[in-house]
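As C-alpha cells, here come the structures.
The two complexes that follow have subunit A in common; it is paired with subunit B in the first and with subunit C in the second.
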Partner chain A sequence: MSLIAQVQAPTVDFRGLSPLIALVVGANVVLLAGLLRGAGVQRVLVPLLAAVTLIVAGALSVAIWETGDVEPLVQSALAMDTLTLSMSLLFYLAGLATIALSLRSSAVGEAGAGEYYTLLLASISGMVVLAAAENLITLFVGLELLSIPLYVLCGSAVRERASLESGLKYLVIGSVGSATVLYGLALIYGATGQTDLGRIAAAIGEQVEVGDPLLLTGIALTASGLAFKASVAPFHQWTPDVYQGAPTPITAFMAVATKTAAFAVFLRLFDAALSTNQVEWGPALAALALATILIGNVGAIGQRSLKRLLAWSGVAQAGYLLAGVVVGTRLGLQATAFYLATYLVMNMAAFAVVIASERVSERGDDISSVEGLGARSPVLAWPLTIAMLGLAGFPATAGFMGKFYLIDAAVDGQYAWLGVTIVVGSMISLVYYLRVVAAMWMAPDAPPLAGPVRRMSPASGGSPEADPRAQPETVAVALVCAALTIAIGIFPSPLFDLAVQVGTSISGI
Partner chain B sequence: MLGSYLPALVFLALGLVVGGVLTVLNGIIGPKRPGTVKEQPYECGLPSEVTSNFRFGISFYLIAMLFILFDIEVVFLYPVAVQLEAFGLFALIEIMVFIFLLFVAFVFVWRRGALEWR
Partner chain C sequence: MLFEQVLFFVAAAGAIAGALGVVMIQNPFYSVLALVGHLVALALLFLLLRAEFLAAAQLVVYAGAVMVLYVFVVAYIGGADEPLSPEGGAIARLGPLFALALLLELTIAVGGSELAALESAPGTAAPGFGSPAQIGALLLSKFLIPFEAASFLLLVAAVGAVVLARRRRGLEEAGAEGATQVAREVREPAEPATVAGASGEAR
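Take a look at the complex of A and B:
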C-alpha cells in the first residue's frame, strides 16, 4: 500500500503531444463515421475527415516547432523535436496524397472507407511515435503501430488475389523484421542496462565498452530488422512483390512514408544513442549501403511492371539514404532529412501517374501502358518524366540537390568511396529511368492487345475513365509533386534551411 | 576498426564450410533406407491423427479475438479500481480514455455485425 501511495501522476505536456492526440482522435472519428450508410458519407465525408485530421495534425506540428535539443515528453519517451516534426510533416503530406489517390480506388470500397482511412491514420500515428521514440520500448511500440495497419492495408483489395498475397507476404516478412528488431533492442538493453536513448549514449564507453560483443550483436540485429522496413539489401526481397500486389495508393504510401519512418528511427537510434560506436557500425552499414545501391539499381533494369520498377528504384534510393546515416555526422543527418523530402515529392509524382494510367489502360502497370503517353496526355507524361529525371538525379530537379547533399555528407564523413558509389548507382539507374521516359515520348501507341482483353485494373473501380480529366485529383497530385520537384531543384534554399534546423535536433554529433 | 569484424567473418566462413561439408557428405555417404514410418510427419508419441486441412467456422475466431480484447479490458480495470484512491484523478481520467477507445471499437464491431453468429 505504501509503495503504491507514492505513485505520482506524470506531468503530461499536452501541447507537445497535440499532433498525436489529433491523429488518434481523428482515427476514431473516421472509424465511427465509416459506419454511417450512404454513398456520400463513404465517398466524401470519410476521406474529408481523414484529410482534415492530417491537416490539423500538421498545423499543430508547425505550431510546436522548436529548434535545438528539445526536452523529451512523457517520462522522456517521446521527443517532439525538429527531426520528429519535420518527418511528421512528410508523413502527413504523404497521407494527404494517398487519400487523394485512393478516392477512386476500388480497394476502399472493398475494405470499407472507414476501415481503410482509419488504418491509414493509425499507421501514420505509429510513424510519428516511431520518429519521436526516445526509448527502446516506445520505438518498438511505434514500429508495430506502423506495421500492423499496413499489413491489413496491403491486403485491403480483398477480391484481388495479388493484394491478399502481398498482405500475407508483408505480414510474414514484416514480423520477422519486427522480431529481429526486438531481439536486437533486448541485447542493447542487456549490454547497457538502459532503455532510454540518452542514457544508452551515456552508458556506452562508461559502463560498457565500445566494442562490447553483446552491444555489437544488438546493434547488428536492430540494424537488420530496421533494414527490413527500409528495404535495404539483402533484406529487400519482399519489396517488389509486396509493392506490386498492394493497391497502388498504398504502394505509394509505403514507398514514401514507411521508408521515411524507418530512416527517421535509423537516424535517431544511430546518431543519438549509438554515435560513440560509429567506428564500429559505420563500416557495416556502409557495406549494406553499397550492396543496396548496386542490387537495387541492377534489379530495376529488367523490370516491365512500373510498380516493380519503382520498388527496385526504392531499394536503390534506400542505399543512397543509408549513406547519410553511415557517416553519423550532423551533415549526414541534414542530408538524409533533405533527401527524404525530395524523395517524397518525386515518388508521389511517379506513383500518381502510374495510378492514373493503370486505371485507363488495359495493360495495367506494364511499361507498355505508358507508351505514347506523351502524345495522348502530356499532362500525365510530363510529371512522370520529371519524376524519373529527378529520381535519376538530373540537375535542376530535387533529386540532384538531394544527391549532391548526400555525397557532400559522405565525403565529409571520410566515406568518399560511398559518394562515388552513389554517382555510379545513379549512372546505372539512368538505364531504367530513361527507358520509361523513352516509352512515353518516343514509342508509338501500343497496339491493342490480342486475345482476351485484360479485366480492368482493380484501381479503376470498374469504369474505364479514358480521359485524365475524369480523375482530376490524381492528376493534381502528379502536377503538384512534379512542380515541387522542379521548384526544390531550382530554389533549394528554403528546404536547406529547414534541413539545417533538423540538424540541431540531436546534440552531441 | 575493421579488425573487430574479423571474428564475425571467421565465424561466418566456418559456419558455411562446416554446415556445407556435413550436408554434402551426408548426402553422398549416408545410408538411405526410406520407409513409410520415416516419411510421416513427426509428432511426439502416437502417430498423428489430426488432418492438417480441417476447417472451422470463421466466427469462432472472431468471437475469440473479441473476447480477448474485452477480457483484457476487464483485467486492466481491476488494479486501477482497487487502488483508485492511491492512483488519484490522473488514473481515473486515463482509464476513462482507455474505456472510451474500447467503446469506439465496441460500437464498430457491433455495427459491422461482428457480434452476430453466422
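Take a look at the complex of A and C:
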C-alpha cells in the first residue's frame, strides 16, 4: 500500500502532446467514418477527414514551434523540439501528398478506405513518436508503430502478387531490422544502465568507458538496424523489390517519410546521446555512406522500371544524407534537415508523375511508358524533368542547394573525401536521371505493344483515360512539388533559416 | 548461492538449446515445442534476476497463451506433413558465415566486459523491485507514453490483420468466375448429359 501512495502522477503537458493526440484521435475518427456506407463517404469524406487530421496536427506543431521549445514531455519520454517539429511537418506534408495520390488507387478500395487511411495516420504518428523519442523504450515503440502499418499497406493491393510479395518481404526484413535495433538498444542499456538519451550521454565517459565493448557493440547493432529502415547499403537489398511491388502511393510515402523518420532518429540518437563516441561510429558510418552512394548510383543505371529506378536513387540519396549524420556537427544536422525537405518535394514530384503515367499506360511503370510524354502531356513531363534534374543536383533546383549544404558540412567536419564522393555519386547519377529525361523529350511516342495487351492492373485505379486532366489531384501534387523544387533552388534562404533553428535543437554539438 | 549458479547455467543452456531447436528442427510442430522450452528457460532466468512478475507473465502469456495459438495454427494448416527444407543458393550458404561473424563479435564484446558481473556480489534490489505494483507504477508514470503508444499499436495491428485477412467479395467472385469458365469449357466439347455433373462439380 505504501508503494501505491508514493506514486506521483506524471505531469502531462497537453500542449506539447497536442499534435500526437490530434493524430491518434483523427486515426480513430477515420476508422469509424470508414464504417459508414456510401461511395461518397468512402471516396470523399474519409480522405478528407484524414487530410484534416494532418492539417490540424501540422497547425498545432507550427503553434508549438512559434511559442518556443517545450520541456521534455512526461518524464522525458518525448521531446517536442525543433528537430521533432520540423520532421513532423515533413511527415504531414508527405502524408497529405500520399492522400492526394491515393484517391484513385485501387489499393484503397481493396483495404477499405477507413482502414487504409487509418493505417497511414498510425504510421505517421509512429514517425512523430520516433522522431521525438528521448528514451530508448519510446524509440522502439515508435519504430514498431511506424513499421507495422506500413507492412500492411505494402500488401494492401491483395489482388496483386507483387504487392503481397512486397508486404511479406518488408515484414520479414523489417522485423529483422527491428530486432537488430532492439538488441543494440538492450546492449546500450546494459552498458550504461540508463534508458533516457540525456542520461546515456552523461553516463558515457563517466560511469562507462568510451571504448566499452558492450557499448560499441550496441551502437553497431543499432546502426545496422536503423540502416535497414533507411535502406543504407549493404542493408538495402529489400528496397527495389518492396518499392516496386507496393501500391505506388505507398511507395512514395515510404521513400519520403520512412527515410525522414529513420534519419531523424539517426540524428537524435547518434548526434545527441552517443556524441561522445563520434570517433568510433563516425568512420564506420562514413564507410557505409561511401558504399551506399556508390552501390545506389551504380545499381540504378540498369533499371527499366521507374519505381525500381527511384528506389535505387533513394538508396543513393540515403548515402548523401548519412554524410550529414557522420560529421556530428551542428552544420551537419542543419544540412541533413535541409536535404530531407528538398528530398521530399523532389521525390513526391517524381512519384506523382509515375503514378499519373502508370495509370494510363499499358506499360505500367516501365521507362517506355514515359516515352514521348513531352509531346503528349507537357504538364506531366515538366515536373518529372524538374524532379530528375533536382535529384541529380542541377543548379537552380532544390537538390543543388541541398547537396551544396551537405558537402559544406562534410568538408567542415573533416570528411572532405565524403564531400568528393557526393560529387562523384551525383555525376554517376546523371546517367540514369538524364535517361528518363531523354525518354520523355527525345524518344518518339512508344508504339502500341504487339501481342496481348497487358490487362489494366487493378492498381491503375479507374478507367484508362489517356488524359492527365482526368486525375487533377495527381497532376496538382506533381506541379506543386516541382514548383517548390525550383523555388527552393532559387530562394533557399527561408528554408535555410528554418534549418538553422533545427540546428539549435540538439545542444552540445 | 551455489544453487542459484547451478540454476543459472541449467536455464542458460536450456534457453540456447531451445533456440537452436527452433531453427534446426525440420518438423514445425517440434520447432514450436522447442520454442516453448526456450521461453520456459527464459522465465527461469527472469526469476533469477528477481523479476518474479515478469517470469510469471512470460510463462502465462508467451509459453501459455501465445504458444498454444502457434500449436493450433501449425496443427490447423498441417505443417507437420511438410518439413521445412532450406532452399539452396549462394546466399543461403553464406548466411551461416555471417551468423558466425556476428557470434564472434558478440562473444568478444561480452568477453571484453570481463564478465565483471559474475564476480561481483548480487546487485541490491530495492524491496518490491519487479513487483506488479512497481511495474504498474512505472507504466503509469515514467513509461506512460510508450505504454499508450503500445496500446495504440495493438489497435493498429488488429486493423491491419483485418485488412489482410477479411473476406473479399471480389476475390470469391473471381474464383466463381473461373469455375464457371471451366464449366463452360467442359460443356462445349462434352455431351449434355455429362455436363450437368461436370459443371456441378466445378462449382
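Observations
Throughout what follows, the second predicted complex is superposed on the first by the 501 of 509 C-alpha atoms of A that agree within 3 Å, B and C clash if a C-alpha of one lies under 4 Å from a C-alpha of the other, contacts with A are read in each partner's own complex, and residues count from 1 in each chain.
Methods note: a contact is a pair of C-beta atoms (placed from the backbone, for glycine too) under 8 Å apart; a residue touches a chain by one contact, two chains touch by 3 or more.
All values derive from a computational prediction rather than experimental measurement.
Of the two partner chains placed by the overlay, neither subunit B nor subunit C lies in contact with A:A352.
Applying the stated contact rule after C-alpha superposition, one finds that A:L216 touches each of subunit B and subunit C.
By the document's definition of touching, both partners, subunit B and subunit C, reach A:L31.
By the touch criterion defined above, A:A289 reaches neither subunit B nor subunit C. In the superposed model, more residues of subunit A are touched by C than by the other of subunit B and subunit C. In the superposition on chain A, A:L321 makes contact with neither subunit B nor subunit C. Within the superposed three-chain model, A:L269 lies out of touch with both subunit B and subunit C [touch as defined at top].
Of the two partner chains placed around the shared chain by superposition, subunit B is the only one that A:E280 touches, whereas subunit C remains out of contact. Within subunit A, the residues touched by subunit B in the first complex and by subunit C in the second are 4, 7, 9-10, 31, 216. The part of subunit B that touches subunit A in the complex is made up of residues 1-2, 4-5, 83, 86-91, 101, 104, 107-108, 111-112.
Residues 105-106, 108-113, 128, 131, 133-134, 137, 140-146, 149-150, 152-153, 156-157, 159-160, 162-164, 168, 170-171, 174 of subunit C are the ones that touch subunit A when the two sit in their complex.
Of all residues in subunit A, only 1, 4-5, 7, 9-10, 28, 31-32, 35, 114, 211, 216, 279-280, 282-284 touch subunit B in the complex they form. Residues 3-4, 6-10, 12, 24, 27, 31, 73-75, 77-78, 110-112, 115-116, 118-119, 122, 125-126, 129, 135, 137-138, 141-142, 144-145, 148-149, 151-152, 155-156, 158-159, 167, 187, 191, 212-214, 216-217, 220 of subunit A are the ones touching subunit C in the complex.
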